[in-house]
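Chain lettering (A, B, C and D) follows the sequence in which the chains are written, and residue indices restart at 1 in each chain.
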Amino acid sequence: MIPKPPVLELLKLEVGFPGAPIVKGIDLKIEEGEKVALVGESGCGKSLTAFSILRLLPQAARITGGQVIFDGHDLATLPAHELRRIRGKGIALILQEPMTSLNPVLPIGLQVAENILQHEKLSRRAAKERVIELLDLVGIPNPRERYTMYPHNFSGGMRQRVMIAMAIACNPRLLIADEPTTALDVTIQAQVMDLLEDLCSKLSMAMLLITHDLGAVAQWTDRVAVMYAGRIVETAPIAPFFAGPQHPYSQGLMNSSVDDGWHYSSHRLTEITGNVHSALGERGCAFAPRCPLAAPGCRETPPPLELAGPDWHVACYRRAEAMAPSPVAASH
Amino acid sequence: MGLLRTIRRTALQALPTMFGIVLIAFILLHLMPGDAVDAISGMSGSSSQETMEEMRAAYGLNDSLPVQFIRYVAGVFTLNFGMSINYSAPVLDVIMERLPATLTLMFTAFVLALSSGIVIGWAMAVFAGRWVDRLLTAGSLLLYSAPNFWVGLMIIVYFSAKLQLFPAGGAETIGADLQGWAWFTDRLHHLVLPSCALAAFFVAIYARLTRAAMLEVLRQDYIRTAHSKGLHPMLIQFRHGLRNALIPVTTVAGLHLGNMLGGAVVVETVFNWPGLGRLTMNALAARDTQVLLGILLLSSIAVIVTNVLIDWLVSWLDPRIRS
Amino acid sequence: MSLLATDPNDRPRLRLPKSLRNPLFVLAVIVLLGVLVMAVFAAQIAPYDPLDMVNMPFLWPFADPSSPLGTDQLGRDLFSGIVQGSRATLLVGFSSAVLGLMIGTCVGALAGYFGGWVDIILMRVTEIFQTMPTLLLIIVILAIGNPSIPLIAISIGLAAWPMIARLARAEFLSLREADFVMAARALGYPTGRIILREILPNALPTLIVGASVLVANGILLESAVSFLNLGDPNVVSWGSLIGNGRTQIRSEWYLSALPGVATVLTVLSLNILGDRLTDILNPRSGERS
Amino acid sequence: MSLLDVENLRTAYTVKGKTFYAVDGVSFSVGAKETVGLVGESGCGKSTLGKTVMRLIEPASGKITLDGHDIATLPEAQMRPMRRKLQMVFQDPYASLNPRQTIWQMLETPLKVHGVADPAERRRIIEAMAEKIGFPKASLQRFAHEFSGGQRQRIGIARALILEPELVVCDEAVSALDLSIQAQILNLLVDLKREMGLAFLFISHDLSVVRYISDRVLVMYLGKIVESADHATLWNSPRHPYTRALLSSVPSTDPAKKIGGAISGEISTKIPETGCRFRARCPIAEARCALEAPELKTLPGGNAVACHLA
């Protein structure tokens, strides 16, 4: 059996602002129909990575190196008009803030229809019918009446559903969701994520979920890539990852998250000391200044991602020590 | 239904403003030393005390201030602004005779300023940071800094005196007695320089506003959403960008109308335009208080009415206001 | 912005803001300083009294070294006129701006901070002043009294404050709800302290930029007023010089052009200054971008 | 008697001429040194409740009793001395610090306002507080924008604690922070609570955080408290259907433990005229839920729930 090529492959992707590299060489594969989470704290470059796939970076930011392979094309260098054929059709995007990601002065029906009319030869009338079906599919009641309504008539959760309808309008093979539920309440988050999960399997669509919420990762994705200061430090299927992450940063994240049943009276949270800024000017592993296991060697060159298990890669020189029962891990 | 409600709400908002303006104008003009009768007698130089008192009584100038004020307010509501002493005619007639010329000038200048301002501002935003933007920014900053009467004089020097392309003053060729199309083109020909002089400053304002609004809009998430759908950049610029950017620009455009009227007064003086500007200067010289008061009131009404129109325009552009 | 994280501790603490290194900005400051020096030392710099006939009439600029910028129809020296005229122009521009800034800030601050009825009433008054065409209002005020520099400044200030009031109100309205103001209230700071020490310093940059526009506007309005011959006939200002040249505009156009250039340069510099002040005055300007 | 007693508190908002109550008849109490969590989705009125207790928003009716004094209607001048006992930590560490003041000024002003006249005394208090939050003395002369989000939140906490209050309202105090920083701040709050004997009213939408830090939890829905319980009971046997829905929506970090089906619908700004406010989304609602509004009934053991069917 010949393995199918991945839907998307990032090769040594580097993104940055002039004089400030943010994403420092990322390798990431997303297989057909796979849901991959890119996890990290604010400022680690996860959103820039997501935006760079469709070259939707903020004004000054640039892809400074590497490739973005989709469907045999390198999106990083593809001419703009060809890239436009992939945007919305091959790869779709959902943004974090449903309040601002829809145009406030256009009816939502038109905004969804725009996507269809751009990529498919359909009459306006047929497109409208398609939009109504889509709105229905994402769980918007009375889609026909809602077609001509404006975003301000919708609640946050409903707007995010409109965004999802827009994203799946042309059956994309990959959906990039940048913190799609951060601005939503927890009950709405569950609704929206369940919907996305459902649509992924119905439409055999792959998903790249950008998030900082480990719970969402565990619940709704297949594989996780942990990012720290512009590099992926660990990537693994979720089951083994949540059973025992190998990178000290992943371990730190797990320990500082408030787990089920912990209470302040009996359990002190494990902190990762310092903050992300500590990595500035670091030549070696960016996590070294905050790492409890850092050795002098860690501060020379950044560790490469190495195979650490089935489909499991970790970028850490001290992986062996991190896996050994340590005082950090033993405290709970 | 919605329209009626809007009209009622607007009227309720505009009335106190109007009343305040009447009050302020009345107070200001009664602070003037000497009254209209003094002015007339000063001009003729021969009126006796007696005739002056008769005139005062005839014009109601001997009544107490509150009485004069109440009479005036009542008059305003019936569009009766009193008599012009200088012209011996109702103020409304005197003003109405000049108003069309001023309105023509202002309307032309406003349309010119808004349309070219938006186009220039949009170009500046699209090429932000590049030489086109820098050039246009410098140009608009220059226009923004120049007194309009000076701009008027300079374009007279160049386009009228040197190139002899346009007439330097007046609203029509005097004594030509033109009809139909020839009359129209003659009018238009006279309109070019004054309206450009009046528009210059506002072109700069609207261009700067459009640029800022457009840059702000282009940073928004929904622009990124639009790009993520693979839409053509031009479509995004117009349907998603400009449409949103026009909301603040239009809103602010309304706030500048009062300024433009003030500007018209000066520009009319430069170009001998037979409008309210010249009437103001004449009334001032003759201490024709009723006319000055009338001009101030009527132009304020004009500003209020235009602002209502602008509000409607904005609510048409912005569905959030509509609901 | 969450995408960009720079270590605040590594940022050099004393660095010239970018705008201070901008040549246009430097030029604008130099022009303004030049005009200021000219106005202050006008008596020393100007060779003649600008109202005296000192030379042949209608001398073109550079024709006679004793009147480098030429003379008008009465043989009055234009260079002296421009130098002396800068006094009236700047004086009116700045003092009207100060007046406008004071009225506008007070009205806007009270309306924005207290809201409710105070806001409704004060904003109504602001609207009344904003609806009346500025120049007409100034003309009427000038018609009341004897035209003099202080009256011109006062009338311009009275007509121009609504712009500042709106700016101040918007700033106070949003800052009133800011968390740090909430914190100040939670800590029991007196209202006066909250307005003056917590909100005002944060609103000030916007107001100062607004004031630079006010000065520019004041200069433009003053020149319009003098151009219309409503100014003090015994004081030369740039506007009156332009107005004086108007009768010879087709032949001796330099009489209007040169004082106009002086006006444009000054106002332009003020506008450039205002444009750049925004990022100089913002302590967090490095944080954004 | 508790440290804070809130009785039948209502807070009114007027939007487009219509009045509605963001907080509608809420009663609860916070004991000395107790941490009471307040959870609910955005728009449920929890933040308004916090600000009303702080007297940053005027209550429409009801009583707020702090240490035996009703502060609900105290004029600001008489409120001032009470504010020493009652302080607040805000959500956004960027908006809650005045960008034009140094950290020192921010910590010194409350002392000045509350009558600590001796500069040496103020210095001593500020330096002691700086040590508590882990700030070197030298950094106190710097401005807020020179610090990271977590450091700023420490400053915000220090400012709230400088007057040594008895009760601190934490309004989403860790919600804006990254996970690793969140743990630091939570630990700091716990340490300070133990050290200074603080009581907290801990407002958050994040159930895991509330569960970790609270002794007792109030669940709020559309302006009303629907359940009040000690932390162990609430998580082990939630009574109100809304609480249950809320708890089952929180994704677990254990991939094997899939969360229960999400409840439908969204919190709406339209409050039903009669009956239970949750009934439109409630999976077990009956006919009478539309007619009668359930009271908050106290159960044996001190917990309380507002549901006909619980």
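We adopt the following convention: a residue touches a chain if its C-beta (ideal position, glycine included) is under 8 Å from a C-beta of that chain, and two chains touch if they have at least 3 such contacts.
Not measured: the values here are computed from a predicted model.
Participant: Between B-C and A-B, which chain pair is linked by more C-beta pairs in contact?
Facilitator: B-C
Participant: Farthest chain from subunit D, going by mean C-alpha coordinates, please.
Facilitator: Farthest chain from subunit D, going by C-alpha centroids: B.
Participant: Just curious, how far off is subunit C from subunit B if you go by their C-alpha centres, in Å?
Facilitator: Roughly 22 Å separates the two chain centres.
Participant: Centroid of subunit A to centroid of subunit C, CA atoms only: how many Å?
Facilitator: 51
Participant: At what distance in angstrom does the C-alpha mean of subunit B lie from that of subunit A?
Facilitator: Taking the average C-alpha coordinate of subunit A and of subunit B, the gap between them is 54 Å.
Participant: Indicate the whole-number Å distance between the mean C-alpha point of subunit C and the mean C-alpha point of subunit D.
Facilitator: Chain centres of subunit C and subunit D, defined by C-alpha means, are spaced 48 Å apart.
Participant: Where in subunit D do residues touch at least two different other chains?
Facilitator: 148
Participant: Among the residues of subunit C, pick out those that touch two or more other chains and give their numbers.
Facilitator: Residue numbers touching two or more other chains: 8-9.
Participant: Two-or-more-chain contact residues of subunit A, please, as numbers and ranges.
Facilitator: 42, 276-277
Participant: Which subunit C residues qualify as touching subunit B in the complex?
Facilitator: Its residues touching subunit B are 124-125, 127-128, 130-141, 143-144, 216, 220, 223-224, 227-228, 230, 239, 242, 245-246, 249-250, 253, 256-257, 260, 263-264, 267-268, 270-272, 275.
Participant: Flag every residue of subunit D that touches subunit A in the complex, lowest number first.
Facilitator: 35, 41-42, 148-151, 178-184, 186-187, 190, 205, 207-209, 211-213, 231, 235, 245-246, 249-256, 258-259, 261-264, 266-268
Participant: Enumerate the contact residues on subunit D facing subunit C in the complex.
Facilitator: 51, 54, 56, 76, 79-80, 83-84, 86-88, 90-92, 95-100, 109-110, 113-114, 143, 145-148, 156, 159-160, 163
Participant: For subunit B, which residues are in contact with subunit C within the complex?
Facilitator: Subunit B residues touching subunit C: 16-17, 20-21, 24-25, 28-29, 31-33, 141-142, 144-150, 153-154, 156-157, 160-161, 168, 255, 258-259, 261-263, 265-266, 269-270, 280-281, 284, 287, 292, 295-296, 299-300, 303-304, 307.
Participant: Under the definition above, what is the set of subunit C residues touching subunit D in their complex?
Facilitator: The touching residues are 8-9, 11, 178-180, 182-191, 193, 197-198, 201-202, 283-284, 287.
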